[in-house]
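What follows is a group of structures, each given as structure tokens.
In the two complexes that follow, chain A is the common piece, with chain B as its partner first and chain C second.
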Partner chain A sequence: MKKSVLAALAVLALSSAAFADTIKVGVVGPFSGPFAIQGKNFKAGIDAYMALNGSKVGDNDIEIVYRDLPAADPAQSKALAQELVVKEGVQYLAGFYFTPDAMAVTPLLEQANVPLVVMNAATSAIVTKSPLVVRTSFTTWQTSAPMAKVAKERGVKKVITVVSDYGPGIDSENAFKTTFTAEGGEVVDSVRMPLSTNDFSPIMQRVKDSGADAVFAFLPSGPTTLGFVKAYNENGLAKAGVQFLAPGDLTQESDLPALGQAAEGLLTTFHYAVSHDSAENKKFVEAAHKAIGNPAELSFPSVGAYDGMHVIYKMIEATGGKQDAQKAVDAVKGLAWESPRGPVSIDPETRHMTQNIYLREVAKAADGTYYNKEIATFEKQGDPGLAAAK
Partner chain B sequence: MAAIENTSAAKPAATRPNWLVRDLVGLAVILAVAAIGYFLFPNNLALLTRILGVALLVLSIDLVTGFCGVATLGHAALFGAGAYASGIAAVHFGITDPLLMVVVGAIGGALAGIVSGAVILRGHGLAQLVLSIAVVHLFHEAANKASAYTGGSDGLSGISPDPIFGMFAFDLWGRTAYGFAVALVAIAFVVLRLITRSPFGMLCRGIKEDPIRIRAMGASVQGTLLKMYVISGAVAGVGGALNAISTQVVGLDSLSFTLSAEALVMLVLGGTGSLYGALIGTVSFMWFEDFVSAANPFHWLTIVGALLIAVVLFAPRGLYGSAQTLLDRFRGDGK
Partner chain C sequence: MQTVFSVGIDALAYGMVLFVISIGLSVTMGLMRVVNLAHGAFAMIGGYIASYATQTLGFGYGVAILVAVVGTIIIAIPVERFLYRRIYGAPELTQVLMTIGITFCVIGIANYVFGPTLKTIPLPEALRGPVDLGFRSIAAHKLFAIACGVAVAGALWFLIEKTSFGVKLRASVDNAAMAASLGVRTKIVYAVSFAVAVGLAAFGGIVGAELLPIEPYYALRYMVTFLVVVSVGGAGSIPGALLACLLLGAIDTSGRYLLPEYGEFFFYLAVIAIVCVFPRGLLGRSK
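Coming up: the complex of A and B.
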């Protein structure tokens, strides 16, 4: 008995010596519940990056510690982050699908001496909450504003906006309205629907009555979008020539099989399509498909996670594995690289991603599946949302 | 519980000091458990603080459900009202003293208690349950709409409470927040103990047993219940404020139906109609949830579901209630 205890202690001591250079990265995301698929994408992106670039930076082993946060819950988010920092000793925090969860963590960072790499949460203001936040995803402003330019170019004069009544929806509405009005277009009406709306026929009637040439929509991805797009087709708006414009959240790849033919021809603007044609993306998609299991489930959060890991690796390189949050963040300011989504860089001022935004059309592939086909590029887009907030 | 009350009512003179001793022992146990928690899990204080915040919500549900027999699935409305009241006070009106924030939270919760109580107490049984769900949805939607004040679905951020008494700052390890939470729960426990023991508390129990008889006695059923609802609101509001202070963010989830339902589950798990049951239920549920979700972040909900089914099947009176039944049976055999 005594011997075995001693042996166990020795093993413990040895292993802790051997793992002295293990750098832990805490990842918080929705890994269960209705948004589990997005968390799965986080994990696929991270796994893909580590499969392609190894799980070591210099002499340091990288270990990922996952924590589940099924829905937006800032109190739980902060408790998890605190636990990751204090108990698990993570040197980096990453992930975060929902804005309030990321917001809740920002007050901790300075004292914890830990940088936060936001892999999804898309409200502009998060980066202003702490100088230790870097974001590798997108903002709703960033992906919505270019759509206004598209509308203008395509000769659309009157637009009605229809959004779900919650943070990202309102962001999206404001982004489109501001840009479209600046371009000289007219927003004839703005409808905000409760998040739980299921029957969209009355709304489609309002769209018809408004006499708009196009409808700009934002809904959370998933079943509601499906209902909305169906209603758009069934109420004859597509036939009447009212164009459907939206940011790419609505036609994320994991929803396309369910949307099917109803989605064909929808125009969206977004920062990433799985179909993006580049060598970088081919490598990424192949590795991510392997990681996620079911290729149809791969969509945009994976690329945010993939690039987030790239930033974290660069941070570890720059600090030599020592915990120094400010130095780590300073090291990636202005960092530019070729991401699966195209050329990207971290804006040194906002610590947010500057990236291409693509105009895409849902198209049918040769094998009968649907995909987002990129048809135009808006190069090097910053985040207009921060400027608007000021 | 009821059995104890009956015997004590029969011979009040002899049992009064007994009550006092029992309550003091109860308080001592709570403080001892809190201290053990502090030393055993020094790295988990954030979780422990959150548990205490939710414990206040569960206690407040127990007041109306366990003591008065009001069925509600909308109690998070009061919790969220407290959280938002103290958060808004801090962000928009510069009230950043934690004690004042708690007071504001309690007032916010109490006001929400008056409003939702006035609505919910109109119905009975199923209708009451439906009304309570409607109330929490209305509160949720109101907070979503008033995004200028509440931050909408992005959450209300930027709450930075001052150090308590100007001395104890809220730190990363959550020591201050935990101490503050333990103090609040202990005070709430003592106050609630006094209230539930008072003639007013007895009246509430009476209403739960037989409202018609109470009315025949000449007491106002509606008025009494509403009063209890307001007290319950204040307690939930304190919990909300505690949450706002320790998290420094208030999200729409604090006003959600999910939180209401989960808190009710914790109460049922612990055992309704007793303050201890509420505390035990919260601690065991949330600790278990944290444990399994860290062990398996991808499939933990299944395990939690299985546990709940097991408890409802094998310990229908909750952990505390069932333990007490066992104890009573054991004692009965002893005599």
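Coming up: the complex of A and C.
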């Protein structure tokens, strides 16, 4: 008797669980290895969003399934996405730090009936690879082009560009060159340096010899940035009045404690600074600090993930929890909201984010730490990279 | 002309930093015949201790160097006693597997304890900022690194060639059994040389931290560079390592000035050429 009651209860428990669906979201990112800090930021952004907005949409529970992809590896990325879709039954794919990883997944989306929300990968072309891709981060073109306008406004006439020799570096060089030449400036020389460069003194010598008023630089965030910024100071370029211009990857918040005084006064353009002054951002930073543990590690990928979760929640709301990728993507086209980074919207054409780009200067806070201080705003910037590719 | 001088000074500084970091590996590989891929890991441990000592404990730079070198040696003693002693004289593959395993363990522990962010070692006022040489300015810490390189090279040469310890070391390496039967306590000789090599790694990690910043993947990121220096210079040869560092520093730096697009092409081209002509390295000893 007892046994049969238990069995009945068990059946009840199982069937009642089936009424409210659990919707799974698969997130692929670098959670271990040299880029683990960026994956940690993905997770902090997602956790912050779920802490502030609950882990339920309607009657549906949301469950995040994480998969670790330590370095750019398209084949592995595709395999992980396939596994998430087939074995885990995820209805949404999200995350992706590196462009090639996101690109590798796009051919799967249509057949799997799964939308992809890119939370970081910043090459313009990703959104053209499938109509089911939505991006909530930024593109290198989007963050680099406004710098050319800043340079012009500040009376810089001759610029030398110095970038790391890989996809985003070349994107950044093209974005700056195109915009700066259109503004009537002159790019006197373009240096592409290998990713593995440690000693930047010879590069600084090149900059000096070129006679430019300013250097526009792009390097991936991390150890090399530190060497580059130090070399800029130590070789007397700062003193000689050669201005330092770069997109905000170079002064991401988690690198600032190490850069310290060397970074003070550097000008960068970017879509998000942790110091952004708004009620939305205050709420976000508080929740994200709790999620990440060490506040010094919080930087830009977290906000891409936070907004990515917002988009996914809206998609689930629109589809009522049923798997319909096209309907989900259509529902967020033109969606506008107040993000921690400021007002944003999803461009219905490109499915990429239209957002403010800020000019920031690295400044010293009252407590002796350094932060990115926003000093000017370029409102409602789309992605110039897609237009340039046409 | 000014540019040539300028690039030359950069090359010298870069070469000397390479030398200070790599020379310890030359000692373990050449004199002790251990392919120690964990060399970078010990350099990184030194860097982390120095960073912790200056940033958290508030020690001065000089004290921090001392603490870090001694601390790294203390950490290395049990590692030597329980792990390295098993692989002295073992086939190279065993040594490679063991030391790369140690490297991965150290990376994991560093990542767990100190987190994935960059760690810096604040320089004292005197070494901070540029020094004007008349025709250009150079970072003071680079001059310091050049001085350290010269001092280390001199001290090591004296230790190995002119002291009785050096005689015992060379004897133990050439024929351990014969040296032992003549009353040389080879185990102690090996342990001391291992400690010296590890201490040099830690010292190099700190002095070179401005060029090669301390982070968990330090141990793997620069491993190839260290190995290249040793194989080009000839394992165990101090003048050889010095020559290799200056040569490779010059090629790398001028290559990066003139044709940065080619990346490390010229660096590795030079390495291939040198190793073809001198299979034992520039000043390597034949077996």
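In the analysis below, the second predicted complex is superposed on the first by the 371 of 390 C-alpha atoms of A that agree within 3 Å, B and C clash if a C-alpha of one lies under 4 Å from a C-alpha of the other, contacts with A are read in each partner's own complex, and residues count from 1 in each chain.
Convention: contacts are C-beta pairs under 8 Å (C-beta built on N, C-alpha and C of every residue); 3 or more make two chains touch, one makes a residue touch a chain.
Remember, predicted model here, so these are calculated numbers, not experimental data.
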Which superposed partner A:Y166 touches (first chain B, second chain C, both, neither): first
First, second, both or neither for A:A296, with chain B first and chain C second: second
Partner chain(s) touched by A:L266 [first = chain B, second = chain C, both, neither]: neither
First (chain B), second (chain C), both or neither touched by A:P34: second
Chain B versus chain C as contact partner of A:V332, first or second or both or neither: neither
Chain B versus chain C as contact partner of A:P194, first or second or both or neither: both
First (chain B), second (chain C), both or neither touched by A:A258: second
Common interface residues of chain A - those touching chain B in one complex and chain C in the other: 33, 36, 165, 194
Residue ranges of chain A in contact with chain C within the complex: 33-34, 36-37, 40, 165, 191-194, 196-199, 201-203, 205-206, 209, 222-223, 226-227, 230, 233-236, 239, 254-255, 257-258, 260, 294, 296-297
Residue ranges of chain A touching chain B (in the complex, touch as defined): 31-33, 36, 66-68, 70-76, 78-79, 82-83, 85-87, 99-100, 103-104, 106-108, 111-112, 123, 125, 129, 165-168, 170, 194
Of chain B, residues touching chain A in the complex: 43-47, 49-50, 53, 141, 144-145, 147, 152-155, 157-158, 160, 171-174, 243, 246-254, 258, 293-294, 297-301
Residue ranges of chain C touching chain A (in the complex, touch as defined): 3, 6-7, 10, 13-14, 111, 115-120, 129-130, 136-139, 142, 210-213, 215-217, 221-222, 252-254, 256-257, 260-261, 263-264
